[in-house]
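Two complexes are shown next, each including subunit A; its partner changes from subunit B in the first to subunit C in the second.
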Partner chain A sequence: MARNFNHRIRRYTFKAMHFFGLFLAMMVLCVPGFWIVLNSFRPTVEIMAKPPVWIPNELNLDHYRAMFGGIGEGGVPVLTYFTNSLVISVTSTVIAILIGMAGGYAFARYKFKFKGGIFVGLMITRAVPGVALSLPLFIIFARVGIIDTHIGMIIAYVALNVPFTVWLIDGFFRQIPPELAEAAEIDGCTRWQAFWRVEFPVARSGIASAGIFAFLTSWNEYALASQLTRSTTSKTMPVGLLDFTSEFTLNWGGMCALAVLMIIPALILTFLVQKHLIAGLTFGGVKG
Partner chain B sequence: MAQVHLRNVVKKYGVLEVVHAINLDIADSEFVVLVGPSGCGKSTTLRMVAGLEAISGGEVHIGGRVVNDLPPRERNISMVFQNYALYPHMSVRENLGFSLKISKRSQADIDKAVDEAAEILSLTPLLDRKPGALSGGQRQRVAMGRAIVRHPEVFLFDEPLSNLDAKLRTQMRVEIKKLHQKLKSTIIYVTHDQVEAMTLADRIVIMRDGHIEQIGTPLDVFENPVNTFVATFIGSPPMNLLDGVVKEGQIEFGDGTCLAVPPAYSTYDGQAVTFGVRADNIMPVGHALPRGEHMAEVEMTVDLTEPLGTETLLFTVLAGTEVQAKMLNPRPVRSGERMTFQIMLDKCHLFDADTGATLKK
Partner chain C sequence: MKRLKLPPWLVLLLPAILILSAVVLIPLVLSLYSSFTSYRLTRPDSIFNWVGLFNYEKAVTDAKFWAAFGRTVLLLTVALNLEMLLGLGLALMVSKVTHGQRLLRTMMMFPMMFSPILVGFQFKFIFNDNVGLVNNALQSLGITDRAIPWLVDADLAMFSIIFAEVWTATSVFGILILAGLYAIPRDPLEAAKVDGCTSWQSFRYVTLPFLMPFIYIAMAIRSLDVARAYDIVQVMTNGGPARRTELLWTLIGRTGYVDARMGYANAMGYISIFLAIFFTVYFFKKLTKSRKELGMGA
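Up next is the complex of A and B:
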């Protein structure tokens, strides 16, 4: 009996420690986001207060009102930035996914010379920090004349995302047994039909997750965008955050309000495609 | 249905040749099983017939056409894969009807064909499930249903039962045989399991290292193996092989033990041979072998027994080599027990000791 009791005590203790650990981890992850959302609704006085005010006394929409207000009232061209971000992120993601699908499929299915080397080469490009690339890119883009354009940003982000999408999609295609496409070919499909009708739908979840990652990378990217965009014609939202800084002041409230607007589309997208992110679609088609 | 002919078919990967100019004629409605150990080229051969592997040399004919350069979809074949290869995102009904949908048949036609195939394979209650919700045996049946729904000229099976447990395998074996009898189709079936080969085939093709070793009916390859490889590969337990030399009507084994030469092989005096005898032809006295003219008797010690119910396998040593004998109507045997065994010399084989090829009777 005593042994049984001890065992139960130990199990409950472990469970409690497990929850506490999870709580700590989630706090580290969530508090910054929560703080941003909170600050966007608090008066500047409260944000800047020392010692910090943990429990807000007053919540209002002043920062949002000001942000959408005219110039001189603290307003920034939110809608323009939002449109720029959307156009650049969506276009670069679509292109990166298309290239990633073609590349990932080739790496997963075909044998060709220098395959390993090319793959490592692609991955190494990810090791270079964006800031280090910004100056050479700036010079090249300036020469070509695509500084401060959507197309320039799209090219930069496609280059940034392609190695990652190729790598991720390659992994998903590798999980799909080649017999599926072979069965489809025997069933009457051309190679192309076998891909679109069988392999693509099975890999859909993987491609969707690669898409989300690519979109979020482009949507949140700051280092390159801050160098390659100049005006409202191409400035993205992360760069727009800088509008809230001036020589001597920082409008934390406004910055947080814009940051919240930035987070919302990313959240919506993640919710929309999360069912595709749940892996396991391939389960059952072939013997595991 | 159709005939299939392989003419000097070669498969090379770079400089490595894995299938060496094989020839095979498969008659209309025939069930042919390619059998051999892993890496013998049987699956590669099947995949060349299917069009999934390019043919490096020779010709493959299906239904009178050379199909070397035709893609799989134009060969009018269907194939059942080892891992089933069901489309996981489609229901059983969609899986079965996929090929007809691709060939743009009307929905009514598709439904009729799918229902018919489902009926044959008892899949009707499962039609709306996804493959993930099926058991191994059910998935296997869906894979077979997908193959029969199009009424192809040739069915190809690539080790279709090797992922199933022993009981289900026996059950599916019977189903495949029934299916063949019902559809009267030409079937090429690949397996490494000789029991499957023996039970299913009209003719067995035994392959090793990219060569065909022997082609024949199951009984033929069992009773008249062309070499020691076939002798040990076909039949369970494998044929017992002992090296010796023919001397004056007797075979003398390494340890000096002598046995009378099987009567059919009297002309090999002085030749080094491999003596082959199946467990079925070595039995303890009094256990089912009729006392005949050409019978040798030896006393041996039983080291180990494997009771199988209707019979017991006895592991013993003859002339310094471990051999297996069989006891019908078994009684309990202790290990270490000395017993007198009869060897049925009429049923024994002699092979060339160097080449392993069977010696002419």
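Up next is the complex of A and C:
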């Protein structure tokens, strides 16, 4: 009886600890983000208040209004940055996906010499730190005259994303049995038709998630963008965040508002991609 | 006229190879060359001023460089290990939950959406000594009444940076390890139970070996962009106070753009590139090996 009782107590403490640990972990993961969202709606006076104001007295859209209001109030051309970010990210993602599909297909379906070597070589280009790469890129782009242009940023981001899209898409194509395409070819399709009619539809959702991943990388990238963009003609939002800082002060509220604007697209896309992303990264797991 | 016929795999790979050589390889060759010159941004013709190994010698004998190097390796080791342990713990806790697992998984993904630069600003705000969340909370709870200088004191600043870094990347480990936990076959675990293993033993000798490939996948992915820490550090402390949190990448950026000494910066850049490649190759090797052990094939 006593042993049974002990056992039960142990189980309850374990359960309580489990619940507490989980609660704590989720708090740590979520609170910083909520803090940013909350502060984007609070007036600056309240953000700066000493002693701190915990329960907001007043929530308003002032920071958003200032941000979109133009040069006069906020001083940050947010809409231009948003458009720049969108144009650069979308274009570079589309190109990176096309190149990645070609490359991934080659790795998944063909046998050739130095396959492993070429694959590792492609991966290694991704490991080059952005800062180290930005120095020579800066020199070259300045020479060619594409610094501070959309084209320059798009080219840089395509190269940044290609290794990853090749890797992911290779994994997705590998999960499709080659017999599927072979059957289509026997039925009279060309290889090209077999690819578009049979293999592409099967891998489509996987390719979409690779695309979203590439989009997010471009959308969030900072190290390269901070050096290769100079003015409002090509500055992206991560670089634009720095506009809220000056030598000694920081416009916290405005910065939080821009941060929220940056997170919303990322949030939506991550939810959409969630399932496929995990599957893609683990190559379909151990099911075999 | 005879048309040159390339094998189809090469045609398919050509765009990838072309763009990567244009944007990565050629710049790297250029930076390798310029690391042997005294190139300064302000004097373009200095790129032809060959100085041999001078820049590398200078880097190797520079105490500031080695301090930054050591700090970078320390940061990576501490952060990656912490991320792995916390991610493992998180995944185990989430996998034990019976209701609302989907919601918890979604919450776990939350930090992954944040741009590194955003993470930097967010934690710069949260650790701010005057208006930050942490100090506000500590003061309101009456734990301390002075403003703790989280980002000004050298040790605390390093702690804050590691905290920010771990916050962003733990969920990558958590999500992938969780995927691994779902994929573990039931039979070996039941067999272990029948054979009288304690829950620790069955975790250590059955679950963990199955999880290793997933842990290495996460490590490999993370090692591909460890340099993301540049964004975070640059925003949070910019290498300060008094270079106490200077990492290789912030040092390179400062030397190249602020001091305009491109040649020297590129020499240091090369050392950091080799560091990154070493990490990547190491984890990819581990990944292939542990895959083979499980018979997954590569």
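Convention: the second predicted complex is superposed on the first by the 229 of 288 C-alpha atoms of A that agree within 3 Å, B and C clash if a C-alpha of one lies under 4 Å from a C-alpha of the other, contacts with A are read in each partner's own complex, and residues count from 1 in each chain.
By our rule, a residue touches a chain if its C-beta (ideal position, glycine included) is under 8 Å from a C-beta of that chain, and two chains touch if they have at least 3 such contacts.
All figures in this text were calculated on a predicted structure; none of them were measured in a lab.
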Should A:238 be classified as contacting the first partner (subunit B), the second (subunit C), both, or neither? second
Once the structures are superposed on A, label A:192 by its partner contacts, choosing first (subunit B), second (subunit C), both or neither. neither
Tell me the contact category for A:270 with respect to subunit B and subunit C: first, second, both or neither. second
Report for A:5: first if it touches subunit B alone, second if subunit C alone, otherwise both or neither. neither
After the superposition on A, what does A:222 contact: first (subunit B), second (subunit C), both or neither? second
Per the contact definition in the header, classify A:114: touching subunit B only (first), subunit C only (second), both, or neither. neither
In the superposed model, does subunit B or subunit C contact more residues of subunit A? C
On subunit A, which stretch or stretches are contacted by subunit B in one complex as well as by subunit C in the other? 281-282, 285-287
Okay, in this complex, where on subunit C does subunit A touch? 7-10, 12-13, 15-16, 19-20, 22-28, 30-31, 34, 89-90, 93-94, 96-97, 104-118, 121-126, 130-131, 133, 136, 139-140, 167, 170-171, 175-176, 179-180, 182-185, 210, 213-214, 217, 221, 223-228, 230-231, 249, 252-253, 256-257, 262, 265-266, 269-270, 272-273, 276-277, 279-281, 284, 294-296
Can you tell me which positions in subunit A touch subunit C when the two form their complex? 18, 21-22, 25-26, 28-33, 35-36, 39, 47-48, 50-52, 54, 98-100, 102-103, 105-107, 110, 112, 118, 120, 122-137, 139-140, 155-156, 158-160, 162-164, 166, 216, 219-223, 227, 238, 241, 250, 252, 255-256, 259, 262-263, 266-267, 270-271, 274, 278-279, 281-282, 285-288
Going by the contact rule set out above, which residues of subunit B touch subunit A in the complex? 50-52, 71-73, 77-79, 81-89, 98-99, 102-103, 130-134, 136, 139, 146, 150, 163
How about subunit A: which of its residues touch subunit B in the complex? 177, 179-180, 182-190, 193, 197-198, 201-202, 204, 281-287
